[in-house]
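Two complexes, one shared chain (subunit A), two partners (subunit B, subunit C).
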Partner chain A sequence: MAVAVKSVETSDVETEQLATGCEAIAEAIRLADVDVMAAYPIRPYDGVMQAAAKLIANGKMDVEYIVADGEHSQFEIVKHACAVGSRVFVGSSGVGWFYAFEAIAVTAGLRLPVVAICGNRALDDPGAFGTEHNDSLAVRDLGWLLPWAETAQEALDLALMAWRVGEDKRVSLPVAIGLDGAFLTHSQQIVKIPTQAAVDKFLPPFDLGDRLLHPDNPITIAPQVDQDWLMEIRMQNDQAMRKAEGVIREAHADFKKLFGRGGESPFLDEYMTDDAEFVFFGQGTLALPMKVAIRRLRKEGHKVGLVRLKWFRPFATEEIVRSLSRFKAIGVIDRDYSFGSPHYGGVLYNEVRSALYSQPKRPVVVGFIAGLGGREIEQPMAQEIFEKTKAAASGDLKAGDTCHWIGVRS
Partner chain B sequence: MRKGKLKNEKINVIAFCGDGGGADMGLGAISATLTHKDYNCLVLLYDNESYANTDIQLSSQTPYGAVTTFSPSGSKKRLMHTRWKKNVPGMLAAGHPESRYIAAGCAAYAVDLMNKIRKALELGGPTFVHTLDPCPKGWDYHPQYSQELGHLAVECGIWPLYEVIDGVCNLTGPTRQIAEGRKKRKPVYEYLKRQGRFAHFIDEDVEHFQHEVDKMWTEWLIPGVIPFTISAKDQTILKVDRKPLHEEKKTA
Partner chain C sequence: MTEASITVEVVYRGIFQKTLAQRICRAIVLAARKRGHTGTAFARYGDSPERNGVPAKQFAVVAVNDIELEASMAKYEPAVVDVSIAVDDTLVKGVESWAWYGRQPIWKPVRKDGFLLVTSEKTPDEVLSQTDTAERPFSLVVVPGAASFAGLWVFKDDHTDYRVLGALAKVAPDWVRLDDVKALIKEQTKDEAAVQSAQYGYDGARIRPVKPGEGTSGHEKLQFDKPGWTTMRPGIVVDARKPGERNPFYKKYSARTLRPVVNFDTCIKCTMCWLDCPDECFEVTPEGHYEVVYEACIGCGICAQVCPVKDCIVMVDELKFDDNTNKWDLWKKDRASYNQWFEKMSGVPADPKAVARASTAATNASPAANPTTSAGGDE
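And now, the complex of A and B:
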């Protein structure tokens, strides 16, 4: 059974340090006392593996650090390590994430709480290092929990939440934290590093219970079940995902109590929405330029705000619908694409529209595709997003003309 | 071409890969290629001993103990990387009898390398050449020493030059001279001390490195190529003399 063995010295006061999103995650790995991690190079996620390697070399943490021969092996290594009771960490980006896809899919199917980061990166070809959410979003239907961080602090906090929620026996699902490439993985911010004692209170040791694969507990993992049992197993996954929402709320409440951070809701971060008529809706670091735009637009007298989604899976439908129904119009900003989807919109856009469908009072939803390949969302683009959202609310936009590509050169 | 839609002629296909793409994640694909004897395809593995494009990370071709961004030397762990370099051309030669040409080269010996590429293309079918390519950034030395480091890798016996033509192994260049006893193998320290990636080595690490390289020369069936020997009782049956060439010369 899992036994926590601390072999490194730890700080007993909360400290602040300048850290990139990747370095903040490396600190979370140290604090969570991870047992096994597997690395393989690809930008931009692998900053976390470089930061972790330094912590290990300098004796700051004790982790079995395995450099794999490819992403598929990398994700298989942690999957198996997790099955024998290790707390694990892994990650990738863009096409590397796709190279691991078979392993990623079975990890969710096996209900093994692997914690990963996906340093969001455009999918080659053509080559691009910048952020785009299609890598993470590719696993949205498979049973991975998908939170997205806005800041390095949130990256660290979400990582601690990820082990707590994923390893909870009611959930037992893998978690992939979305970190926008470059904007978050590689920009430095002040990060509060919690104490080991506080983290230990928040995060119990990993215990797989009777699912632990060990010679003393001879069980079979991943047997052939065919049509006899597969539906029942899929439904168990579904139920675990349903339970995850409540477990996240519990963990979030505990987190707030212990660390005093995390905002009101674990799922939504609302900015200047109290009196807002229009809101922008999106996830990740695009919140920053949109907040700047909101402050500017408010000076001009426009009642605008931002609702940032923190967990894409599970999609907290009820809460999201309750929040968004208050507004006249919503501009959903997708840093992703879904070619050929309804209204040729982004993934988030169609999720939001679907969630709002059964509401008696439905706000106007306008879709925007912006910032692909790591393109900056600049203020004129934010202005355009606002104007189109406003125009849609007053019925000025043609029906069907609901999704717009922003900042595209002609 | 086979169906007559294109003119029937021999086209040389050369596939380039690095040590990450070739010796790590793409090894299975190279192995498969070397069994397709109907296709002309030379696979050229350009080995600079790290994932240099993505920031100098550890690969299976990174030498023992070297510093990379995945294997920094720290105050508690001097060596993060303690795996010995995978013997790629040797394993491919041993496992793919239908490949007519498999070689290990180094551009520091340009003529030797040119000949190897020519032979590979001339013999045709699936072939493989693995080159060691010094990397100023990854190995941490001034670019003007690239050729010198290539020479040292071979002269210290770390990177043996050889070719396997239709299943017959020839040692080439200085590797042959060392094996024949005409040239003395230099101590690995000469090679290690020139590179920042080994700057953290202490005597013990250098000794281990030397010991492992010595084993390649004194215990391997073919120095630097086939990493095993034949047990004494079977040497007569298999007609193998386990004594390495250069050791024999010395005693003669």
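And now, the complex of A and C:
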């Protein structure tokens, strides 16, 4: 088969590089002019550590790079650095993320816009390096913004969005970008690296305003409170999270104007949905094998598409419901699991069902647990997901009202 | 006190009287149980251990059955009580602690025609003279005896709890009967003297009806509004103070049972009080003296202990004082009046010539009168 030769377009706002997801994130750290980053090795987050260290060693980046004595310290360091006005970056994976949990929980309560990646990794035991989303999802209820990337390019773009949105005074919340371990963090792809001048147009300097912890601005952060105060504090966080959706739309529009990327909506990436009767729904890199399957299935005449969720928190309920209500059936693919949950389903599955509950016309929602521990989603698995979703769409209740484990040996 | 339940609170000094308060509240429920009632006993949930001397509360609710008790369950503290028991008479000057906002009159939760029991060696009128002006009628009941202070997790078994329970049986006989109290104490202690202490509390309790308008209006009004989510600063941020500023909202005087008074004439300006005060209560005067900021002082007595000059800092019963005004200005203006005042309050001569200079710090403080230093308190 002859491959057509085309010239690569050049641009004055970006250059190209073959980079892993982790290297793309390191480039974002450089471009955002991060002041403090904290590191502690765990796979796959260690990829960012190495890439960032290399940029510093090569004189390309100036950042206070603190190697902590563990993940808890790592997240505490950036939390405090953020309180004194530093733009910060941090990250971890799997059980390392959990080791930092106390710091992670309070960072959102303190409204400190720490930007993190969670290099998604299965939770030990047994030790496994591959991707699984339960690490990121564990902070679901804590007030972190949680976007998920599909490609290294999107990882970089989301990171720039993360500082812009998180640091926006209307939001002022931490952001943790989900990056699938191995498939995204450690796979090299062609990535467009924006120029500094272009990024400077998109990302204003970080300004905490009168919340800056400084001797000239005497404040106390997080004094002990009791039951008389907590609900008001939670309410403030809730309002900030509610505002985040609009701020993300603003940032997305600006980003698109500058760089031309990001698709129609910041929240959903729809693929071949225009005439689709049913769709797959999921987040992260699992969209890639599912799109391959969709192209094959389309050739066979099946009207099937994909809706990929880009921001899990905030959950853009109205837009998601509007999109999903168009279809007869939704096959939600969870690269996570919630033991003992309703219908023994994944986290995303139950969120989607909950969001659709109040709709007069509800599609059938079928759950799939696939790719746990980083298992590849191969085409026969995609086929099985398709067949069960199709059966549910045509009224097979047995297929529709349950969750299916895909590709698990008996 | 409805037909269905009675609510009792015990107001006590944090840490030093925690076990005492717990014993009283438990005994109320157990004594009432003897006549078939049910009940619950609980402490005002907060930080533990409590701060030294901070006013704190524990509660006992007795009800005729479990269903009637439910209205008093799953609460931090009842809004209204039938009986309030203050186990230290300096608490009648009003209480403020963490988890509350502002200084509250001691009778604040006591219902109309309820009871305020106070353990004291003073007369009911003396106690009332330092109690905030009553807004509704109640009965002041003085239970004879000095305040019983012990250390952290330690209990000083001086029968204060038995005397209080005896007095309670006098004012709430429908709920806590003297015979039941005595039977309970007998079971628990096998000690006839303990049983007799309950009888002594019953017999010795002096009841003084209080009419609205009685009491003092001299105590500071200290109340705060709680902000809402739209008015609070985001990010759990509160205004702090610049170096040298005192926080006008953070007052600790209600933790005080004794207060230091200073003889500025004998002060040698050695800085020890200023240096060792755990609450940074001392301000340096232009002359280099150290004056106590009484709003910030918890009365721990450390200044008196470390002061190398005999009777230069003397710890005095808090109930002798009407306000928290700092006193150095008075000394500066009129030494003779100040020294008269000093002698009257402290009971020691102010004249330097009458004071032996070769004393040691150890003779200065009165450990027996000082809960913090005597009980080994804050661990």
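Throughout what follows, the second predicted complex is superposed on the first by the 393 of 410 C-alpha atoms of A that agree within 3 Å, B and C clash if a C-alpha of one lies under 4 Å from a C-alpha of the other, contacts with A are read in each partner's own complex, and residues count from 1 in each chain.
Following the convention adopted for this analysis, a residue touches a chain if its C-beta (ideal position, glycine included) is under 8 Å from a C-beta of that chain, and two chains touch if they have at least 3 such contacts.
None of these values were measured; they are calculated from a predicted model.
Superposition of the two structures on subunit A leaves subunit B and subunit C fitting side by side, clash-free. Legend: residue contacts after superposition of the two complexes on their common chain; A:P223 is shown touching subunit C, with no touch to subunit B. Contact with neither subunit B nor subunit C is seen for A:P380 once the two complexes are overlaid on the shared chain.
By the touch criterion defined above, A:G127 lies against neither subunit B nor subunit C after alignment on the C-alpha atoms of chain A. Rounded to the nearest 10, the superposed model shows the Cα centres of subunit B and subunit C diverging by 70 degrees about the centre of subunit A. Look at A:G59: by the touch rule set out above, it reaches subunit B but stays clear of subunit C.
When the two structures are aligned on the shared chain, A:V67 is found in touch with subunit B, with no touch to subunit C. When the shared chain is aligned, no partner comes close enough to touch A:P342: not subunit B, not subunit C.
By the touch criterion defined above, A:G246 lies against neither subunit B nor subunit C after alignment on the C-alpha atoms of chain A. By the document's definition of touching, of the two partners only subunit C reaches A:M235; subunit B does not.
Taking subunit A as the reference, the larger set of touched residues comes from C, when subunit B and subunit C are compared. With both structures placed on the common chain, the touch criterion links A:I42 to subunit B but leaves subunit C unconnected.
Least inter-chain distance for subunit B and subunit C in the combined superposition, rounded to the nearest angstrom, is 20, based on C-alpha atoms. Note: no residue of subunit A belongs to the subunit B contact set and to the subunit C contact set alike, using the contact criterion stated above. Interface of subunit C with subunit A (complex): residues 46-47, 76, 98-99, 101, 226-229, 232-242. The residues of subunit B lying in touch with subunit A in their complex are 20, 24-25, 27, 51, 54-55, 57-58, 60, 69-77, 80-81.
Across the complex, subunit A meets subunit B through its residues 39, 41-43, 46, 49-50, 53-54, 56-59, 65, 67, 69-72, 99. Across the complex, subunit A meets subunit C through its residues 109-112, 172, 210-211, 218-229, 231-233, 235-236, 239-240.
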